[in-house]
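One chain, chain A, links the two complexes that follow: it is found with chain B in the first and with chain C in the second.
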Partner chain A sequence: MIVKKLIEKIEGEAELDFSFSEGRIEDVRINFGFYRGIEEILVGKAPRDALVITPRVCGICNHAHLIAAVRAIENGYENAGTPIEISNKAKSIREFTLACELIQNHTKWFYMTILPQLEKLLGIQSGENHALKASYLSSTITKALAIFAGQWPHSSYAVPGGVACDPTYVDVMQAESLLDESIRFFEQMIAGLPLEEYLEIESASSLHRIGGDLGNVLHQMGVNGMSQMGYSHDRFIAFGECLFFKPGKSLATTVSNVDARYVEEARQEGSTAKAVSYKQRLYEVGPLARAMVGKEPIIKSLHKRYKDSLLTRVFARIHEIALLLAYNKKLLRNLTLDEPSCTIIGHDIKVPDATGTGVVEAARGSLIHRTTITEGVIEKYEIIVPTQWNLSHGNEEEKGVAVEAMVGSATTEEASFIFRTFDVCSVCTTQ
Partner chain B sequence: MEKRQSEKPRLLWLQSITCNGNSHSFLNHPDLFSILSHFELIYHPVLETKHTIEDLISGSLACDILILEGSFRERGFMKGGIEVASYIEQYAQKAKHIVTAGTCATFGGMFKQYDPKNISGFCFDGEEETKRYESYASKLISLPGCPIHPRWLSYVLLMLVKGKTIPIDKLHRPQELYNITVHTGCSRNEYFEWKIDTKGFGLKEGCLFYEQGCQGPYTGGSCNKILWNDISSKTIAGTPCFGCTEPAFPETALFSTKTHMGIPASMPLGVPRRAYLTVTGIAKTFRIKRFEERIIDYDR
Partner chain C sequence: MGMDRQESVKSLFTAQSAKVDTNKGDSYYENLYAQCRARLDDLKKLAPLNNRMDFRQSIEEEGVDRRDFLKWASATTAMLMLPASFTPLVAEAAVLMNRLPVIWIELQDCAGNTEALIRSDGPKIDEIILDIISLEFNETLMAASGHQAEKQLEDAVEHFKGKYLLFVEGSVPLGIDGYYGTIGAEGETFIDHLQRLAKDAAAVVAVGSCATFGGIPAAAPNPTDAKGVMEVVKGKPIINIPACPANPSNMVGVILHYVLTGSIPELDSLLRPKFAFGYRIHDNCERRAHFDAGEFVEEWGDAGAKNNFCLYKVGCKGPMTFNNCSIIRYNEGVNWPVGVGRGCIGCSEPDFWDKYAYERPMADANIKAPTGGVEKTVDEFGLGLLTAAGIGIAIHAAASVAAGKKESEKENA
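Entry: the complex of A and B
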């Protein structure tokens, strides 16, 4: 028996065809919408136009696309034998704004997807306007981002050689104040305890110390068996070297090196989304993957007990908010303004003919841009987005990451909730 | 017929071919929920609503104010097996007001470039009127911008709910928002006045119009009057204006100014070339020391 369901209020929509056998889901077909052709739009354009065009892939992770695009161009300079240095100031500002976008994303996902959908699934009627909280924190943190980037969404302020802004300490103090406000929100609303104390929690047995909305969600998930469902392949990968994330892959208890050259894209029959694998194997990307590769103590402890369950996956994303807030605090504290914002000065800027790859950790996982510049224009542009990893249909040997997590569910409601814990972005997938 | 819960205008937010950027931009509005409290929110792509997407695509929902996001094609863009174009038209006919939110819905925008023949805005294809224009012109408000500014949208929504008339231009853009240029209020205006270009990116000194591709002086929009995220703008942050509110967005080579014999090819809005050259000629005969110095020396 096949049941079709249109999943809405993710980033865009997805159509899922659930195949049932003996009352359990045995397979799921994930279909996305319309292909928008960003890669083709870029062909023939000036190399730096990618900094304006690629953010338009996605309304919620546009900034990550900008950073991947600028890194791809800068990698091209390096491959052409003319590497460019970036000042620590520019590096820190780029990291700060990227982290702000991730915080924005995770907050919206928690309050606008997980909380309402969990309540629906469990039949809870809290009557709370969770979106109000999402909007408060996300608009506060994107305001901090906009101090440096000019605006969010769709900034193009990262340029080859650094950043276009030239902030003063007036800007830095305002950003810090907005960050403090965001931390206060995390402490009072999300975690119910001071950030420092929250970050001291390293063991699953101390999770009960967490209060606030996160404590509530953990409790609901715990008593409803969600620490024993939603298991996938338990293989994780991250490619982006940024913020506090390290590239690597995590299998069983071992973390090892990765090389983005072994990432393969394949067309999927009947889908506008291409599947991605690493050395022919499927991996999960995103906050859980980053925490496993980075050996984040509390996530390792949870994983030891509950593996890659729903509970672990949801917690990993919210936990990342705390890590990002603390990291951003450190970035601003150490930011000095007496270095150049951009090391490429002058007007006659010619981006060299070369192929360059830019990798970054976006909200949903590793994002890869590859630009090939020939005779001063873009000849080819490739974008591999995180959702392609998590939502592929899989291959002959095994099912895709999210599909595997949904298999075995008794209802489409439960499976749809599992699907949403991957923070699905149909918009990116059909770029 | 379903009984109405309130007499508030019924607001429906509908997406076509989009990146969701306008939805997310509007979520940045600090007064979001007070603004929405004036309406009965029938459907929204991200916010919780009473109705589902299945209800939406059935074309059966009520709608007084229709917000459209995303560019438009007649055929080949489906949701739940139904052509999006077909149910958009159903709601457009019902609606008392149609607001095209963003450059895609207004002119075709970014995604038009993939298939320029078949993809356009709802009532405009670039600057040209589409065949739909005549049917909907009387109730159409254009809000271009990639993305829309949240306060531009709230201004329009509140004007509509209060029954006030919004003065518009021939592309149906509110004059109060688009009859000034992005250049208005730019923090670099002194440098523009004295024709002093910036030495490169990453500097707060100098104007971006001469070399960096800034389209601010001939782009309609209040980006530097009503700031982005209530705090900044592209040009304040050293990024050129890319003309994202204009029908031709996005043009090419966005980080360099097109010039004829060293003079910007596009003039500030409405300024005759001769007038511009005269003023430039005079301004450039003076050398003003203050404009050649850094504003702040951190290393002193």
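Entry: the complex of A and C
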């Protein structure tokens, strides 16, 4: 029996075709009815046009696309033998703004997807307006982002060589006050305890100290068996060297090195989304993957107890908000404004004929841009987005990451909730 | 430089199309005031739709006091280019926004406008207002999903036949019979979906550059044959609110104008509301003085950049771009692209994705001369910087010939 179900309340929409066997889901087919052809559009354009076009792939992780695009061009210069130096100040500003984007994303996902859908699934009627909470924190933190980036979504202040902005101390103070307000929100609404105390929690046995909306969600998930469902392959990968994230892959909790050159894309029959694998194997990407690769204590402790369950996956994403808030605080404190914002490359110097790769950790996981420039124009442009990793159909040996997590569910409602915990972005996936 | 400097500046600011008529005389405004008054009194008699929040109550919940609200009302009155005496009416109209049914659909988009609108952007009160307007259907906001949501949409169309405003986000792909974009469980194509819903709308509002002009999906070679709404919807009043993303203040402005007057605002030749797109970025730019003084950023990271000089030479499209970002700015007025030294990419103009993208200085870009003919660079025309800015206006002036008709149509909307 096949049951079709339309999944909304993600970025874009997806259609899931569930196959049941003996009352349990045994396979899921994920379809997207959407295509724009961004990679095709980039062909033949000036290399730097990617800086304006690629962010518009996605309204929610646009800034990550901008950083991946600018890194790809800078890497192209480097591969052509003319490395460009980026000042610490420019690096820090790019990191600060990227972290802000991750924070807004995770917050919206928590309040606009997870909380309402969990309540719906469990039949809870809280009567709370979660959307207003999401809007408060995300608008506060994107204001901090806009101080350096000019606007969000679709900012374009990052240029090869650094950043276009030249902030003053007043700007930094303004950003700091917005950041403090965001921290206050996290403490009062999300975690119910001071950020410092929250960050001291390193063991699953101390999770009960967490209050607020997160505490509530953890409690609901715990008592409803969600620490024992939604398991996938328990294989994780991250490529981006940014923020406090490190590249690597985690297999059976052993972390080893990775090289983005071994990432392969393949067309999937009947889908506008391409599959992606690393040395022919499927991996999960995203906050849980980053925490496993980076050996984040509380996530390791949770994983030891509950493996890659729904509970672990949901917690890892919200936990990242706390880490990013603390990291941003540090970045602002150490920002040296007297350094140059941008290394002068010179307008007349064309982007060289070269291949460049830009990798960044976006909200949903590793984002890779590859640009091939020939005779001054883009010959080929590849955008490999996080959701492709998690939603690939899989192969004969094993099912895709999200599909594996849904298999075994008794209802489509439960499976759809599991699907949403991957923070799916269909507009990125199909482009 | 071909033209005398002073003369060219003068011609820049006396060109007809670059001016918005902000004073139409006492009798015009007296009539309009009476019309608005009657309209609001009629709306008051209607019950609020669909159990939306009460505006006053939600203002209190959000901790915005009455004084802030009135400040917002007077700023919005000015934005709509109405005399200050209209402020109480604008405030009243805001409260009555829950009498107006709005259906919002997303087509070939990145969800960036929805992001900008309901989740992360816009002055605080604008944001609350968007909670208040009676969004009879918006996938992201509504509680229902799947078949239930589709049913709700059908019901709204039936119930508010001929009365609702249809907001459209995203372009319309026409390639392979429209199958590059489908919606809902039945897999209806975007084009069918749009035409079905537009048929019974009072007016269609295209939000963002994709819905207005095709946007990034329409960039060469336009793989999916993406079009803007005005190219596929005929026989309906259409309002375009371009920019990538569109500014939430302008979306609110259009709705408010409709609540207040019962008609769509005055439009330019590209069907953009004049209150928002009646002047160029350049006209009110905070770096304008540096342009006039000939002080430019030559390259990012240079001394000019540190001194916030004009960004024209690093490709700013402010002189050719009609929009009010230099006044309204983005993210609750925190900043905008020129503020961070990046310059304008002309995202509210047609074809920005092919013509204006990135840093090509206008001096190197191919544009048409005011007299038409083949595209050449400004340098090839032998024009200096100031007159290059004038071309933007001239292009607009030529296109504005058709605008008069549009302006008279709106009265009947």
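We take it that the second predicted complex is superposed on the first by the 427 of 431 C-alpha atoms of A that agree within 3 Å, B and C clash if a C-alpha of one lies under 4 Å from a C-alpha of the other, contacts with A are read in each partner's own complex, and residues count from 1 in each chain.
As a working rule, a contact is a pair of C-beta atoms (placed from the backbone, for glycine too) under 8 Å apart; a residue touches a chain by one contact, two chains touch by 3 or more.
Model, not experiment: these values are computed from the prediction.
The superposed arrangement places chain B and chain C in clashing positions on chain A. In the superposition on chain A, A:124 makes contact with neither chain B nor chain C.
In the superposed model, A:153 makes contact with both chain B and chain C.
In the superposition on chain A, contact of A:168 is made with chain B only, not with chain C.
Once the two complexes are laid over each other on the shared chain, residue contacts for A:338 go to chain B alone; chain C is not touched.
With the shared chain A as the reference for superposition, chain B clashes with chain C in the stretch 43-51, and the other listed options (43-51, 61-69 or 367-375) are free of clashes.
Touched by chain B in one complex and by chain C in the other are residues 6, 8-9, 11-13, 15, 33-34, 36-38, 40-41, 45-46, 48-49, 51-53, 56-60, 62, 108, 112, 116, 131-132, 134-135, 138-139, 142-143, 145-157, 159, 161-166, 340-342, 344-347, 427 of chain A. Across the interface of their complex, chain A is touched by residues 62, 108-116, 118-121, 127, 131, 139-141, 143, 145-147, 149, 173, 180-185, 187, 215-217, 219-224, 226, 244-245, 298-302, 305-306, 308, 314, 330-332, 334-343, 345, 347, 353, 357-361 of chain C.
Contact residues on chain B toward chain A in their complex (touch as defined above): 15, 17-25, 27-30, 32-33, 45-48, 52-54, 76-80, 110-111, 113-115, 146-147, 197, 199-204, 211-212, 228-239, 242, 244, 250, 252-256, 296, 298-299. Contact residues of chain A toward chain B in the complex are 6, 8-9, 11-13, 15, 33-34, 36-38, 40-41, 45-46, 48-49, 51-53, 56-60, 62, 90, 108, 112, 116, 129, 131-132, 134-135, 138-139, 142-143, 145-157, 159, 161-166, 168, 174, 336-338, 340-342, 344-347, 349, 427. Taken in their complex, chain A has these residues touching chain C: 4-9, 11-13, 15, 33-38, 40-41, 44-46, 48-49, 51-53, 56-60, 62, 104, 108, 112, 116, 131-132, 134-135, 138-139, 142-143, 145-157, 159, 161-166, 340-347, 427.
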